[in-house]
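Shared between the two complexes below is chain A, which has chain B as its partner in the first and chain C in the second.
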Partner chain A sequence: MSLFSVFGISGSGMDAYQTWLDAIGGNVANVNDSGPTSQPAYQSRSLIVSEAGTGQVGDGVKVTGVTLGSAQGELAWEPGNPQADVNGMVRHPVVDLPGQMVQMVMAERDYQANVSVITQARQAYESALGLGT
Partner chain B sequence: MSDLTTQALHYAIDGLSLRQQAIAGNLANVQTPGYHAKEVDFEQSLSQALSGGNLQGAGGPSVTTSTAPTDADGNNVNASSDIVTLQETTLRYQATVDSLNAKFRMLRGAMGGGFS
Partner chain C sequence: MAILPISAIGGVTSPAATTAASTAGATSATGPAATSGAGGSSSFANFATNAIDSLQQVQSASDAQATLAATGQGNPADVMISATEASLQTQLTVAVRDKAVDAFNQIMGMQF
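Up next is the complex of A and B:
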């Protein structure tokens, strides 16, 4: 346990939710990708988070992995697309856009919750630093 | 020097500080599947020890895992109530530090150093 341990805990939370926002950003940016059918589609990323450490107070959270969505994507008939194959088909990724937007709001709120913990902890630490003066 | 008042305030500061860390951990893990919220209680052991007149035998604050119903992910952090408790904890922390400062001012005054 460090001197100002809340900063470490909530910092790990900010880190995790920032990473989540990054993943969502990548997914939304690639929502309209198209590619030749010979290549895999963009795979939407979702994070695996778990409690850091051994489950004691003060351990925080960490991102332990990423799961990838379907590389199969979905095929669409777009003969005018320069990437289309002989049958006029291209491959699009499957990104659940409404789901991503909902997750974005959640990640943003959770990030803010962690920031507000840091603000509160700072006030408490400041008062403790003034002890005896 | 370390009389019952100082000891009790010190104990409360430790407990409140641990509660703040527990809440920080809960809010960091608000999306972690299977995470169970942690709760800190020190009021019970403190009042018990105070009614006995000394804090020597008082154990530390107790950390328990919340038994509240979980959501589909197996997570039972209640973010809104945690944020309210966090505000309360910070204010109580500051009030306790203020009380400790008042105690130190009294001691300083008694030793001839002025009460202010």
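Up next is the complex of A and C:
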């Protein structure tokens, strides 16, 4: 544990929330994918986040895994689509767009909260250093 | 008058203070001729050496992060975090150095 370990802890939180934002960005970007029914649909990504380390004070957070949504997707009748099968069906992913928007706000706010922790800690350390003068 | 006591403090913390002059940019922390009295084995010298070593590590980490970000591989947030950490560590080391020099000057100014 280093002297200013809060920077590492909150930095790991910022990394985790940035990864969450990346996952949300991928889901939103793929919301209108379409594919042939012979292939799985885009599976929406959601992260598994847990404590890093062994339960001591000063452990950060880390992304330990990714869970994938339904590969089944939903079938739509689009006979004009070049990917459509003989029945005119294509496969679309199931991405909960409003839910992704809410998660994006959460990830953004939590990222900012970690930044606030770092800012406050820096001010606290600086005022402690000011004791000597 | 300030040069003489600052150079004489090298007798107590010569390894640490030499490193300080080269890494932290602490100018004139050591004179050219450090006295060979106490050596580097006192506890304050160990403390100062450890502080300089950890300052060196933090600054190296900050440099590495800055290089990564400049080459497009790093994370800007990590750069700012490690730069803040390096800045605080430098301030802490310099504050302790100032305190030590201040204490030494007070002892040197003692009148009997």
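The rule is simple: the second predicted complex is superposed on the first by the 132 of 133 C-alpha atoms of A that agree within 3 Å, B and C clash if a C-alpha of one lies under 4 Å from a C-alpha of the other, contacts with A are read in each partner's own complex, and residues count from 1 in each chain.
Simple rule for what comes next: a residue touches a chain if its C-beta (ideal position, glycine included) is under 8 Å from a C-beta of that chain, and two chains touch if they have at least 3 such contacts.
In this text the structure is predicted, and so the values were computed from the model without any measurement.
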Between chain B and chain C, positioned on chain A by superposition, is the outcome a clash or a fit? fit
So, does A:106 touch the first partner chain B, the second partner chain C, both, or neither? first
Could you say whether A:3 touches chain B, chain C, both of them, or neither, answering first, second, both or neither? second
Return, as a multiple of 10 degrees, the angle whose vertex is the Cα centre of chain A and whose sides reach the Cα centres of chain B and chain C. 40
Quick check for you: in the superposed arrangement, does A:61 touch first (chain B), second (chain C), both or neither? first
Could you say whether A:19 touches chain B, chain C, both of them, or neither, answering first, second, both or neither? neither
Which partner, chain B or chain C, touches more chain A residues: B
Distance floor for C-alpha atoms, chain B against chain C, superposed on A, in Å, equals 7
Find the residues of chain A that appear in the contact set with chain B and again in the contact set with chain C. 10, 132
Can you check the complex and tell me which residues of chain C touch chain A? 54, 58, 75, 77-78, 81-82, 84-85, 88-89, 91-92, 95, 98-99
Residues of chain B defined as touching chain A within the complex: 13, 16-18, 20-25, 27-33, 35, 38, 40, 63, 79, 83, 86-87, 89-90, 93-94, 97-98, 100-101, 104
Taking the touch rule as given, give the residues of chain A at its contact with chain C in the complex, in rising order. 2-4, 7-8, 10-11, 14-15, 18, 115, 118, 122, 125-126, 129, 132-133
Chain B-touching residues of chain A, taken from the complex the two chains share: 1, 5-6, 9-10, 12-13, 16-17, 20, 49-51, 57-61, 106, 110, 113-114, 116-117, 120-121, 123-124, 127-128, 130-132
